[in-house]
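Data first, discussion second: the structure below is written as structure tokens.
Going in written order, the chains are labelled A, B, C, D and E, and every chain counts its residues from 1.
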Amino acid sequence: MAVGRQDRGGWPSWVTRTRRKRHTPIDQAPGTLVSHGEALATSVHTAAYTGETLRERQVSDVGDIETMLAEPGVLWVDLHGLRDVGVIERLGEAIGAHRLMLEDVVNVPQRPKVEDHDDHIFLTLIAMRLADGDGLKAGQVSLAMGANYVFTFHEEGGDCLDPVRARLRRETGRIRGAGPDYLMYALVDAVIDGYFPVLEHYGEQLEEMEAAIVHPTREGGRDTILRLHALRRDLLGMRRRFGPLRDAVGTMLRCESTLFEEETLAYINDMHDHITRASDLADSYSELSGDLMDFYLSMSSHRMNEVMKVLTIIATIFIPLSFIAAVFGMNFDGGASPWNMPELRWYWGYPAALGLMLALACGLILLFRKRGWL
Amino acid sequence: MAVGRQDRGGWPSWVTRTRRKRHTPIDQAPGTLVSHGEALATSVHTAAYTGETLRERQVSDVGDIETMLAEPGVLWVDLHGLRDVGVIERLGEAIGAHRLMLEDVVNVPQRPKVEDHDDHIFLTLIAMRLADGDGLKAGQVSLAMGANYVFTFHEEGGDCLDPVRARLRRETGRIRGAGPDYLMYALVDAVIDGYFPVLEHYGEQLEEMEAAIVHPTREGGRDTILRLHALRRDLLGMRRRFGPLRDAVGTMLRCESTLFEEETLAYINDMHDHITRASDLADSYSELSGDLMDFYLSMSSHRMNEVMKVLTIIATIFIPLSFIAAVFGMNFDGGASPWNMPELRWYWGYPAALGLMLALACGLILLFRKRGWL
Amino acid sequence: MAVGRQDRGGWPSWVTRTRRKRHTPIDQAPGTLVSHGEALATSVHTAAYTGETLRERQVSDVGDIETMLAEPGVLWVDLHGLRDVGVIERLGEAIGAHRLMLEDVVNVPQRPKVEDHDDHIFLTLIAMRLADGDGLKAGQVSLAMGANYVFTFHEEGGDCLDPVRARLRRETGRIRGAGPDYLMYALVDAVIDGYFPVLEHYGEQLEEMEAAIVHPTREGGRDTILRLHALRRDLLGMRRRFGPLRDAVGTMLRCESTLFEEETLAYINDMHDHITRASDLADSYSELSGDLMDFYLSMSSHRMNEVMKVLTIIATIFIPLSFIAAVFGMNFDGGASPWNMPELRWYWGYPAALGLMLALACGLILLFRKRGWL
Amino acid sequence: MAVGRQDRGGWPSWVTRTRRKRHTPIDQAPGTLVSHGEALATSVHTAAYTGETLRERQVSDVGDIETMLAEPGVLWVDLHGLRDVGVIERLGEAIGAHRLMLEDVVNVPQRPKVEDHDDHIFLTLIAMRLADGDGLKAGQVSLAMGANYVFTFHEEGGDCLDPVRARLRRETGRIRGAGPDYLMYALVDAVIDGYFPVLEHYGEQLEEMEAAIVHPTREGGRDTILRLHALRRDLLGMRRRFGPLRDAVGTMLRCESTLFEEETLAYINDMHDHITRASDLADSYSELSGDLMDFYLSMSSHRMNEVMKVLTIIATIFIPLSFIAAVFGMNFDGGASPWNMPELRWYWGYPAALGLMLALACGLILLFRKRGWL
Amino acid sequence: MAVGRQDRGGWPSWVTRTRRKRHTPIDQAPGTLVSHGEALATSVHTAAYTGETLRERQVSDVGDIETMLAEPGVLWVDLHGLRDVGVIERLGEAIGAHRLMLEDVVNVPQRPKVEDHDDHIFLTLIAMRLADGDGLKAGQVSLAMGANYVFTFHEEGGDCLDPVRARLRRETGRIRGAGPDYLMYALVDAVIDGYFPVLEHYGEQLEEMEAAIVHPTREGGRDTILRLHALRRDLLGMRRRFGPLRDAVGTMLRCESTLFEEETLAYINDMHDHITRASDLADSYSELSGDLMDFYLSMSSHRMNEVMKVLTIIATIFIPLSFIAAVFGMNFDGGASPWNMPELRWYWGYPAALGLMLALACGLILLFRKRGWL
């Protein structure tokens, strides 16, 4: 059925499940990188730029990256697909990253967080976008930023970074003249900006739900409950992601790392406003989804009450009438006794019986009206 | 239908929607000002005053404002309509404002906040007023205050500032003798004072709802749920606005900016009390709206129970009676056997049957009474 | 109806309404005192005392108070009725009070708060007492305390201060020998002590409600919901008042004002315990009122279920029986065919029919019993 | 009725009531000790001990205690019954206690708290124990600890202290060799240890309730609601007591009083763990009681739905059948027209009618089954 | 019944009960170790290792351990079964542990906590694993870590530590070269890693429940409520355990103990992420379980309403029809009066009656459809 498909298929699997969380086997030491079968094949794309030049290439030998790190300008290494842990390990060695950090890159998804190692800053966050057919795609994006480089690692969430690449290619942008801290800001901000279309989509769905509750269709009740529940579950999942991310960005803002220029902090502050806004919206929509569920139940209970009330009243009026008719349908033998149903033989008996019934019905209707039930 | 119109039409669109939020396109660098089609045309009004003089004019060339900033006294630049981003950009340059700040002016609505740049303070907040026909109008007002100027930017919320302009025109007021910090205080306080009539309106609506729940009309149930839900949604929206604003004003109070005179801080403290009060009221009303929904459901369930109980009792009394009547309406052939319904031929058969029914009815009524159901 | 009157009439209007809040018109500068029509006429009573002497008088010329302030000893100026703002203005000038503070005196009710101006401390709080006939009276009491004076301003809440005046008249009390800080403590403590009888009254009402839920009367259901709702609304209102007051007293305790003697701080600490206790009780009672509402609904739903169950069972037993009786009441012509209702002509037909009905009834009853429904 | 008695009789009156709170009359100065009529008669028991000696006596003249305070060793003065305020006053004078502290001893119950006066520490807490017949007894225990003494004041809660007295009598215990701080710790810990049997009792009751909900008895529904409500009310009361006590013990732990030896602080830390555990349990049980109430309602609603569904189905099947029987019971005169009920005179009329009814019944049953209602 | 067994048998007894908490008898001094009857027999296993060597042995004489502590390298003493308190006491003496700490080892379960004594760190936490047949086993693991040793004490939870022992036996692991702080980290991390399979199991159960609610089976309703309630109770229990543990690990991270090497802190930080994640999951699942209960109730109420509505409509249509049939079944004597049921003798009487019934039924159906009830 359509509803069933919708609420299992379209929603991001990370919202309720832990199963897909990849982790290092329990008998391996922490920090051991293990390749996960379902991970995508790894490819590495680099972009080295200064104010004047931009060189992009697809790298197959990771050793080249160490060479590129030694050159002047800013280097952005974008790794797509987490299957080849050897590549990730060598990238990590190139910048002296802690093994636990690399483990967090591979074992997705992690809780959003920022870590300030003195010579590089490490950040993980979740990217989200609406896929075709109402589905939501979510994936982890990890970033490591040092004195002259930014490394990004991702599987599904990578297309959020494309607008930044486009801005990089334009020669005139601020991004080309700035350092790796501004590049990192631009990348994270691009991921966060990707939340808003998703939130707007959920907001519109909630409005649709609200309209569907006010003006219900005949068959819509079950569908409304299922969709509201699915929306709510997703929104709670988002809320749990955005809160830690907001805190992480706040931490980044306060950390006195020398990797950030004064000027960039203003931008990160602005980004903090954005994630706070996303977090507020997710809160607000979660609350609204709960309110709508209550609203639905109130409306549904109100409508049910109306149905039951009118129908019961109809039944109640006819039950005494049927009783009277049944009485006059008894077969007492009038021949055996003058007391046996003499009314059956009266001249006005039948009209009187009908009159009695009419009077009783009117009386009951008046009584119900007076009590305010009708 | 009237209810439908009311709960969609009159309420502020910012309460649930993100759609109308204007934002910089995702492939533009942050800080790029983009004119939004639906924005109102821009017009700039200035008021330059000292204790003795007040000159008001409509400015068409923004260059004039730079000249006016160099003159002694306080300058209030009031910009209405956000369409012409070039004007906003030039105003920002005149006071050395950060581009992200100007972006927040244009991309409305923002989360209420205060930012302390050393030589100017920037503040955004939401103005609200009741329009004709119960509708609520809301719009962002942004303020920038420096050593000798206050800039205000707004579209819909601008009429909240009119009382301040009126006070400025009176020669005797404190406002003419004070600095730009007092002017800024007066403007923000005017916006906050505008919340109270709105809150009072909602308070009255809640009281009406409460009365409607205690003394319900025949057709009012559905309407009550719809209105309560709409009230609650709006109040939750307000609560989410007032909380950050209260925090922002608290921050302003503690920031040790040299732009504030000691004397003005007492007024800002008073303003902090006002916004705290507005925030408390919004909290209180949100909670009350939830309580009223529960109250409605309790009352409605109580009333429904009463209806169902009495009606079911009536039905239950008559069903056994009808059964008896039906028994005596059976057509067993008395001629075929003396055991076939001999009671139909008894002398007192019919009266006895009626008596039996009466006794059963009375018995049931007594039983129900004893059990406390009637 | 009694209930309607009770839940609108007796409760304090400040709990849900903002309407009665007096405020300075929006086109007047903050700090402008405006006389409100409904305010009571102003009268000023003074009590000047040292350890040995006590002089009480009714003052008509405010100028006298400035003279009295210059004399040795402690001066208590008690102003009743807020109509004559000129008097309040002159009193304020006498102690160098800020205009915004005087505005808070006049524009009642304010949020409870304490303000520490260097040479005087200003405090507003709400006094409450039970009026005759279960009603609750509430009113703001404002206090200003300086080096040798305490000013009190109030309308309705003034009778809370009478016990302090009585203690002042007794020559032997500690209050006569102490400074204005102790007098202020005594006055505020008297107001706070006035909360407990009110809270006890609400506690008793809640216990009555609980008993009424456990042992319900026939007509009591609607009344119980209405009263619980009214109690809850009031208790939430109190909670919102007591919290800020507790915080304000806590602030007073920590403020390092030279106006407080070390010895008095022990008393203020004790007073902080009292208001914390009042606040805890209001919290506790609010929660209890919500629990009682749930308890009522559970009990009511339980009772309704019992009614519905038994009644439905009765109906359900008789419906099949009536069907059987109706079958034997059909008029198929036995003469036309031997298959047409031959049972009507059997010798044991009628007793067998009755027996069948009896067996069916017993069977259904046994079935219901086995399933645990009866 | 048993239930009614149980939920009014056995539970501690302090949970919901303020009435029994004793307080100084409103026209008396704070710190005035007033004897309360219902208080128990006062008796004073002392235990003076050093590592080697222990002298216990019943003291009638309070003057003796001042003598004993001057002797070496530790003095424990245990006052039972709060009626004779004169004795309490003289004990207070002997250690230089503040009058407000003595007032807190007499006016029970107080909010649990700790006060650090430089030369003595004052603590109030609530003792609880299960009385015979499921009842709960609660009473305030106040302690004052100085350089060489501990004073305890109590009415009902005193028996919690007996295990400490027993340990004191054993010559070998650590308690005999330690100072008054360890004695105080031992006494408070004994009171807190008394909470656990009570909490275990409530935990068992909740488990019983849970089992009763899963396997309900015929008459148990009302009882379950009443008991759950009573349990919940008590647990909320405990939670409100344990929280402040935990905070008070935490304060004691951090206060840098010279009265505590380093070694004793480890024990107080352990005690802090205990009260935190008690507080957690009370929280956990409160939450569980709310969950059980919801669980009960879900189960009850589920069961009611089952009853209603099956019964309604039975009724619904027979109503159309009865209608058919009633049709064939109509008395249209076949002699007057061939169209008047010819079926009554058909050869297979009656069997066909019965067959029609059977078919209809089967059809309805199949329909209900297909829709999943049966 | 299976459900009953499942929800009593499989779940960990520590979730709701306090009964199994072992404690020192109330008349014993704190710090007295008391053997509990149901405790498992004690056995001690040691592993002494340096980078090159590893010696494991089963120790029967505790004196040997003191010798081993004096040797170079790291010593892990693993004590299984808490019955022999003498052994625990002597182990405690060997490292100079406080008696209260040993009491916490014996009196299980304790609240998770960390204590920093200068020369050793003490930690208690709960280990969990899924036993066969869906059951959950939980048990306390206590750790004490000093300059060259780690002691572990446990009963049920010990198998969580096996992976660490396996890694220890491999010569190449980081663990062999590191100090006792890394061993402690590895042990605690192993316990925490054991939470995730349990949480995943609960997550899967919740997904099953969700599917069961969307596509309910005929008999599944009661089972769904029971299982959801049991899941929720367990998840709340976990939440209450994980929160304190997260705080305890956070404390350990911030404590500036010299026992931790800089390098190990990075690992503990990673472990803090893990327990935070477990705590978040438990929160998330608790909330989801509550939401699912609401979802179930909504769906169930929706389905019940559908049943009731259709059935009531069927009944309501037939009741008026039955009334009409009953009227024409009355026995008024047509011979006694021309007004007595002349319709029975009309030529088209019967077809007209049937037509009337049909028309009424159609009218009612149309009316219900128009009102949207059908």
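Just so we're on the same page, contacts are C-beta pairs under 8 Å (C-beta built on N, C-alpha and C of every residue); 3 or more make two chains touch, one makes a residue touch a chain.
None of the values given here were measured: they were computed from a predicted structure.
For the pair chain A and chain C, the CA-based superposition corresponds to a rotation of 145 degrees in steps of 5. Chain D and chain E touch with mostly distinct residues; of the residue numbers seen at this interface, under half occur in both copies. Taking each chain's centre as the average of its CA atoms, chain A and chain D sit 41 Å apart. Once the centre of each chain is set as its mean CA position, chain A and chain E turn out to be 25 Å apart. Multi-chain contact residues, meaning those touching two or more other chains, occur in chain B at positions 301, 308, 312, 315, 319, 322, 326, 329-331, 341.
Chain contacts here close into one cycle, and each chain has exactly two touching partners.
Note for the complex: chain A touches chain E at residues 3-4, 7, 16-19, 21, 23, 26-27, 29-31, 98, 100, 103, 110-111, 113, 218, 221-222, 225-226, 229, 232-233, 236-237, 240, 293, 296-297, 300-301, 304, 307-308, 311-312, 314-315, 318-319, 321-322, 325-326, 328-331, 334, 341, 344-351, 353-354, 357. Remark: chain E residues 163, 166-167, 173-175, 186, 189-190, 193, 196, 199-200, 203-204, 206-207, 214-215, 266-267, 270, 273, 276-277, 280-281, 284, 287-288, 291, 294-295, 298-299, 301-302, 305-306, 308-309, 312-313, 315-316, 319-320, 322-323, 326-327, 329-333, 336-337, 339-341, 372-373 touch chain A in the complex.
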